[in-house]
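Please find one structure pasted underneath; my questions will follow.
As written, the chain order gives the labels A, B, C and D, with residue 1 at the start of each chain.
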Amino acid sequence: MEFMNTKKKTDKRMTLKEAIATFVEDGDTIAFGGMGGIQCVAHAYEIIRQGKRNLTLIGDSPCEAGDLLVGAGVLKRMEIAWCSYAVAGLAYNFRRAVEKGIPHPIEVEDYSNFTIGLRFLAGAMNVPFLPTKSLLGSDLPKYNARIKTMDDPYTGEKVALVPAARPDVAIVHVSRSDKRGNAQMFGFSSNAENLVRAAKKVIITCEEIVSTDEVRRHPNLTIAPEYTVDAVVEVPFACHPWNMPYYYAYDIPFHVQQLAAFRTREGFEKWLDEWCFGVDSWEGYMEKVGWDRLERLRRVERRFTHISC
Amino acid sequence: MEFMNTKKKTDKRMTLKEAIATFVEDGDTIAFGGMGGIQCVAHAYEIIRQGKRNLTLIGDSPCEAGDLLVGAGVLKRMEIAWCSYAVAGLAYNFRRAVEKGIPHPIEVEDYSNFTIGLRFLAGAMNVPFLPTKSLLGSDLPKYNARIKTMDDPYTGEKVALVPAARPDVAIVHVSRSDKRGNAQMFGFSSNAENLVRAAKKVIITCEEIVSTDEVRRHPNLTIAPEYTVDAVVEVPFACHPWNMPYYYAYDIPFHVQQLAAFRTREGFEKWLDEWCFGVDSWEGYMEKVGWDRLERLRRVERRFTHISC
Amino acid sequence: MAESQNFARDYNLPELLVAAAARELRDGDVVFVGVGVPLLGALVAKLTHAPNLIMAMESGSVGPMPYRIVLGIGDNACVENAICTTSLWRLFADQQRGYFDVGMVGGAQVDKYGNLNSTAIFGSGDYYHPASRLPGSGGANDIASSAHRTVITIPLEKRRFLERVDYITSPGYLDGYNSRKKAGLPGGGPVAIITNKCIFRFDPETKEAYLDSVHPGVSVEEVRANVSWDLKVAPEVKVTPPPTEEQLRIIRIIDRAGIYTNNGLKNLTFESYIQLLEGSLEELQQLF
Amino acid sequence: MAESQNFARDYNLPELLVAAAARELRDGDVVFVGVGVPLLGALVAKLTHAPNLIMAMESGSVGPMPYRIVLGIGDNACVENAICTTSLWRLFADQQRGYFDVGMVGGAQVDKYGNLNSTAIFGSGDYYHPASRLPGSGGANDIASSAHRTVITIPLEKRRFLERVDYITSPGYLDGYNSRKKAGLPGGGPVAIITNKCIFRFDPETKEAYLDSVHPGVSVEEVRANVSWDLKVAPEVKVTPPPTEEQLRIIRIIDRAGIYTNNGLKNLTFESYIQLLEGSLEELQQLF
């Protein structure tokens, strides 16, 4: 028989280039997995390289992807809780866009991490909203009309409502997946399990592709069953310079150097020329970082966390 | 320092008798883990043995505990989706109570499995309700005033609301736990993760108590962190005759024999006299079932499912 | 499928029903299954024409390949070789999200719009004082609300096939026409009612059930006599095909003790049960 | 705690702040931590007076015992020896449920009722055209809404300590008195503001911040000069205790490169970073 859609395919493997070209369209609403670590870096570079435009980003704290995309002029709008590189530094591109309209002005709709999480959960459950006790009393509802407050019809207590997020595309990096898209995660998964379900189209990237038999040996680890997934891409070190639990440590010295460049618009543009447009693909980026360096990040991580299943 | 409540204790181990005596009070609202399998059987017998009264049961499909407790006259009210023993037979006690008020009349409030699940999720999240697309158009809202329908304030589409469940006590059987109550589950967990969070007091029973170091080796398996738990009890074979994945197979021949007895009120009373009041504890029940039989159920299960972590 | 022409000759009614259920399923379908005939049908489909079929069980299991008969939707068999084990609410949320192509539901009463009652037979009483209290919805309301299509299994009896059920536990097409959609239900509604005598399907416009096929040896009149409304009948009523040889072979391997398709549980002893499990393991491992 | 009398002599300001944060925590507390001083404080508490303290990180990690400096709330260090790894929404839901005793939050502006702004400094503009766009709430609004008590860390500067913040990202006591409760917030609100010069606490009735202790060598006047409202002061202003010898020893093991308590990242090379990690592993394994 013919399968009706890409989620039914039994082999969803493709390259990152193909996945982004196939599933990300100009004007789409997009969401990335990761939080603190497990950031979608390879993916953001590829989107920039392909010259995508007018995207809306929904995310809790999509620091790397958010700041890169806004700096590259890819985003028209962000619905987020946070944009900064945390310990390594501030999101200079995000600031320049909001404060000075560089490279162009963007709309920002503010939420909190939990309530962005609830928006994805609502999308994943196919309900139009979810209630919360966050946001009450704060100024977020004052400047965001889509945060509504209501009196609970059962008890009369106050709750805030946030609307479901239903992005066109979710891009989520996981530990491993089979070719059907049964995606598994060791360690925490931030909002990944809901992102994949909230989105219409889902690109799973993974550190390693494994057999379906291996998936079946550890069904507890599956955060995205194959019926949620459209594409599977093996992208080792996809989060560099960020960390991937059980795979490689955070390359914070690299990040410091990167953010020093991002402080100025010129520095950022030069960085993109070199690290994004100056290479053909993520393989080129990895080559440039140096395999020995990546290997050392992997080896040192193994001393702290190792998969014992 | 003194800990403020039992959830802060660092050693929560006690016997099942102690746990039920300490945490289940007459008039309480109670909920049990399990769905299809992993039924709380030892726990239901102990509650009956201790003569608890006027309990309200909230549960998706709490067949064994529901039917036993209603037959023993422990329940005054059930908020459920289903009560039956599935393949093995019908819930005769539940039917007798509703149809004929034997041993006494009970109130029943009907939901579906999903919406009972949502009620626990709402309780776990500390929000007063959750929305769903289930229940719309059916007669459940017609006879259950606590199912409300509303127009979504974002899109105008119809949703049904169900109220949070916040039972006084949740009793949940898991694969293993440490003495602090970090409870882990191999395989599916039905609504366990939300039950423990929705309830005020939580009794975790487990097939085996393990060290906290062992818990830390597999943090993905933890469905109830210690801060949700008040008591930890090691109760092997707690689900007999039901199945416990990775531990022992369903003893359906036993169940057939049991349900043959339950067909009549006299048969049920005789059964309770023999299997509940005729023994002092779950150890007595297991002795009566026969250790060789239990061992064979365990051995045969090992051939089908084995923990590989 | 050439094999589908090799129809079996010696089969019983439950085996025909399993084959009929299997035929409702397509390769690649995600199926929300209950125990008994529907589950056997899903397994037979997976082992014949639908190798990429995925079973979902409401206890929280996705994609198991069990090496033994499944004795409940929370049986240990459900975790065997699963691709994902999770929680009940997540499984149902995935269904509400629209990931499940087919749901299999049953009940004690069904009406001409495919609405099902598994809550209470009112008799001379009402919901609060029913003649017969049934188990309740379980997951049936949720399946009927959200699965893309639902397949109903229920025995054909006049007291069960009603103009209107006493209580709508699981919504079919409600009052027919577009009333289901207007109620806000995301799923597509029932596509078939499989009974012990025939199969009904639904008019695309009115959403009323009509007789589509009779099982071998059953007459249209016999069906009419067991339906309490003025039954509509397809212009050319088909004969339900029997199981194929291959389907039958698989049914008898999976349900080797005939728990669902023959003697039920009544001859099962503890010894024969353990032997059943051990024997199943060897035979079913070959199949997947 | 006898050891608490053995105060250190040679310590720097960040080390004092870590010790102050540690003192806000009790044994058995579940603490929602952010990186930097709060996290170091939680680790120091766990390794001294609060062995049963549990750290929760919003990426989805509960109870880690990391053998290296934690470089983010989603750093790999967060999964080391965790008792539970789960999802972001579940962690926050657990906080909303009331399981978390303490949350640590920061911001760019704070006001007399402990409301925090980490969204935008309006300057001559407004929310839509701010002089300075800050990172946003992240999890801070959620922590401030639901943790039983929150501990605020922020540098003492007149432009940061305002009668009213430009934008309430994270609610403190809103307009004081019972206004927080009336807004429907489940958590208890802030209990302390730890600054580089002093610690503020809150009046139980008015919920206004008052000066409770000054750090060694800081005067009350110096604090007043850096607060833009008419600051209330405790009848007897205490002196913030320095770190104990034991606290200091542990701070310097955990943050052996001084990333949070000394030179920051500026001297870090890739080589020295890898060496830092390898050295940490050996030293920190001994501690837990």
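Quick notes on this one:
Operating definition for what follows: a residue touches a chain if its C-beta (ideal position, glycine included) is under 8 Å from a C-beta of that chain, and two chains touch if they have at least 3 such contacts.
Note that this is a predicted model, so its numbers are computed, not measured.
Least step count on the touch graph, chain C to chain D: 2. Judged by contacting C-beta pairs, the busier of the interfaces A-D and B-D is A-D. Between the Cα centres of chain B and chain C there is a gap of 27 Å. Mean C-alpha position of chain B lies 40 Å from that of chain D. Each chain gets a centre from the mean of its Cα atoms; for chain A and chain B, those two points are 38 Å apart. Chain contacts: chain C has residues 61, 79, 82, 85-86, 93, 96, 186 touching two or more partner chains. Within chain A, the positions touching two or more other chains are listed as 125-127, 132-133, 157, 159, 186-187, 193, 219-220. All chain pairs in contact, by the document's touch criterion: A-B, A-C, A-D, B-C, B-D. The residues of chain A lying in touch with chain D in their complex are 34-38, 60-61, 80-84, 86-88, 90-91, 94-95, 98-99, 108, 110-115, 117-118, 120-121, 132-140, 143, 157-159, 186-194, 243-246, 249-254, 256, 293, 296, 300-301, 303-305.
Residue ranges on chain C touching chain B, taken from their complex, read 35-36, 57-61, 66-68, 71-80, 82, 85-89, 92-93, 95-96, 119-120, 127, 130-133, 135-142, 145-146, 167-171, 174, 179-180, 183-186, 259, 265-266, 268-270, 273-274, 277-278, 281. Touching chain C in their complex are the following residues of chain A: 1, 3-4, 8, 10, 124-127, 182, 193, 197, 212, 215-216, 219-220, 222, 225-228.
Interface residues of chain D facing chain B in the complex, by the touch rule stated above, are 26-28, 30, 52, 54, 61-63, 65, 79, 81-86, 90, 93-94, 96-99, 186.
Against chain A, in their complex, chain B makes its touches with residues 125-133, 146, 148, 150, 152-155, 157, 159, 161, 163-164, 185-187, 217-221, 308-309.
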